[in-house]
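When the chains are written out, they are named A, B and C in that same order, and each has its own residue count from 1.
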């Protein structure tokens, strides 16, 4: 009994409105190479990435606060496996608590030798200081910045 | 089967046409939730659980409940999602309150227009085995149903145009809008539908004890609820009928212990006017032999015995995925006396019909009343 | 309270495999449904409502694929709705079915679903799309590296090692070898796991769940119906859902409410389930657990969150064999999600396997005398958690 298959591809395009808050964040990155968070009304925490409201209280955030460019690594991983539509391995990325922020912002870690995973893991250990780097030409999207060991 | 506890709608936020790009989708969800809570006069702390509904392909998010959760109070709270239909979120929310294990539920649905082609997104709903290569989006499915109705019912097209004219007039009186007519898809004329817009809707449900404690003056009591589905393949169905809606209506009217004649006001999901005609029949408002007479005598028009779609219906606002829950919210507002310019004076018992999917595959009927019982 | 409970009267599961080229997606759903209906000894006529279990449509490749499943579940003209809470969909579906009965609306409800993850092409690509397009979609996030980052923090906080992670794999594979429905049933050694290729540090290939295809279904009924029809059943005595912040970066940094190393909302969910079931001392009162853990490291924080031990203690206790069959409180005796992961129904399988245990029907992997079991499911970016207590 011959079993047939059929190939289908999902390829849909979206034009997502970023809203005022995210638009400000990305225009600051694009135009000024600066990163901003928003302050939470109730506990004063600076939320990065910024949002219009805190998800814990649902209250609007109150003000813009510049954060970074220095920070510390809160989580990391190094990927060695190839996945469709994701970058060629190996690469490292994770979350950084930028100076002045209370929550961590995701980004790539560049400039780390990833050949020896355990050695790389030691280099990227939680608490390691990093500095945010910006691309020379920026578009106003998350890949305009990344982190390197300080 | 009688529900253990009787839920009531105590707050609504109906946002059938949201314009502008100053708020992201998550911010829209947040605003909608806040508006519904404000209408209910309560805060998020009073909410025991949340049910949301949206279409991942419209949203461009593979699990839309994730971000939604952080947008409308899901943090440290119980949140579920029914992406099958916006009205299903209402159903599940109502069941949760009815179980006695939740005092309140926040139900929110949304429908953005950020996808480059809604038609393309909808076509992904056709199975890849037999139907994906056909141009089968929702409008095509509705058109197939319209053709089936025309085949069976002489004069259906004129009746459909009359239904559209009624809803257009209602919409113009209710909201300051000028909907853009939808594309022509034979036999559905452009004047019979309108192009999709971005919309969102929120409803707050509560049980009787909560409503009493908070002194809620105008709950819309759930008197009956029914829901059912048609078969999977369009080809397996007689598209000139709506048996699943007949079954959903049967469940709802049986629970309410009333007949269709007791209904004061109705909202029907007029994905096309033919859908509305079929709903008249399945809901027991008018058999197909009576359609022409009812459309002529104005029974379903503003000022008539059972005004249908005083909101203007889907013809006026087409936030595709939310249209079902919006019908329920509109009826809640009617029996709460909060329908503003399109209030049916003295509405005590309302019927909402919510339908979704290809040629109304999912059907639901919800009866809400100013009084807790007959 | 007695007389008012919701019981499980039928269970059906596929023998999960990578691919099922012999069956379309609706066929797989049907397969599980037929098994569950036979188990419940009911005709389709008896079913009053269906709750359909399906997580991302993109995984199956059909928008609103539940519509295609209507006939597979005998749903024509019946009450029907679909649940999607990501990986927790299966347990959320059982919960939704529970409310259909507990509300008084229905006496008998079917919940069912299936997945064909192996046909997807790449589940991590689809799973990348669960993150927001605003800030995080551009990063190569996927469920594997998300939980690798959790492992990194759990290592720092509690001293877990890669060997500890490997121990979980060895345990669950041994359990799975006794479960005819499990996907990965080959027994492995610690060395096998440690030598498997690195995916996302510290997670290696064998630390990961497989991409499974198959279906699951369950029939729930009211206590009244069960008594009137003299049916055999086990009971859902506690259930709850809880979500934590979507933002992973908020689970780090200064004084986070939810810590990414742990499973905060899972703990909160269990607290609620336990309270409802009257369980005040889980380590003493729970006999068996099916805890959703698609990667070896996550089984630790799941055990912690189930309050079976203090946070981080699950690591030394795992070394001591406390959670294996024959041990103190066996965890994932079916092999768990680590050995079988058909995403749309994985969390339903956790409930099903717990039910089988307290029902005394777990065959070769039965825990002697198990009468109280717990099940959990995780969804979203480790964000939405459903839990249940099931008792004989």
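Remarks
Rule of thumb we're sticking to: a contact is a pair of C-beta atoms (placed from the backbone, for glycine too) under 8 Å apart; a residue touches a chain by one contact, two chains touch by 3 or more.
From a predicted model like this one, the values you see are computed outputs, not experimental measurements.
The chain closest to the protein's centre is C, with centres computed as averages of CA atoms.
For chain pairs B-C and A-C, the one joined by more C-beta pairs in contact is B-C. Inter-chain spacing, taken between the CA centroids of subunit A and subunit B, is 39 Å. The centroid of the Cα atoms in subunit B and the matching centroid in subunit C are 33 Å apart. Per-chain Cα centroids separate subunit A from subunit C by 30 Å. Across the assembly, subunit A contributes 8, 10, 14, 16, 18, 22, 55-56 as residues in contact with two or more other chains. Among all residues of subunit C, those that touch two or more other chains are 58, 61, 133-134, 245-247, 257. For subunit B, the set of residues touching two or more other chains reads 24, 26, 57, 60, 70, 74-76, 121, 124, 128-129.
Taken together, the subunit A residues at the contact with subunit B in this complex read 6, 8, 10, 12-22, 52-53, 55-56, 58. Residues 21-22, 58, 61, 121-122, 124-125, 128, 133-142, 144-145, 148-150, 152-153, 156, 197-203, 245-250, 252-257, 260 of subunit C touch subunit A in their complex. For subunit A in complex with subunit C, the touching residues are 3, 5, 8, 10, 14, 16, 18, 22, 45, 47-49, 55-56, 74-81, 83-87, 91, 93-95, 97, 101-108, 117, 120-121, 125-126, 141-143.
Those residues of subunit B whose C-beta lies close enough to touch subunit C in the complex are 1-4, 24, 26, 49, 55-57, 60-63, 65-67, 69-70, 74-85, 88, 91-92, 94-96, 98-101, 121-129, 225-233, 236, 243-244, 247, 251, 357-358, 361-362.
On the subunit B side of its complex with subunit A, the touching residues are 21-27, 30, 33-34, 44, 57, 60, 70-76, 114-117, 120-121, 124, 128-129, 132.
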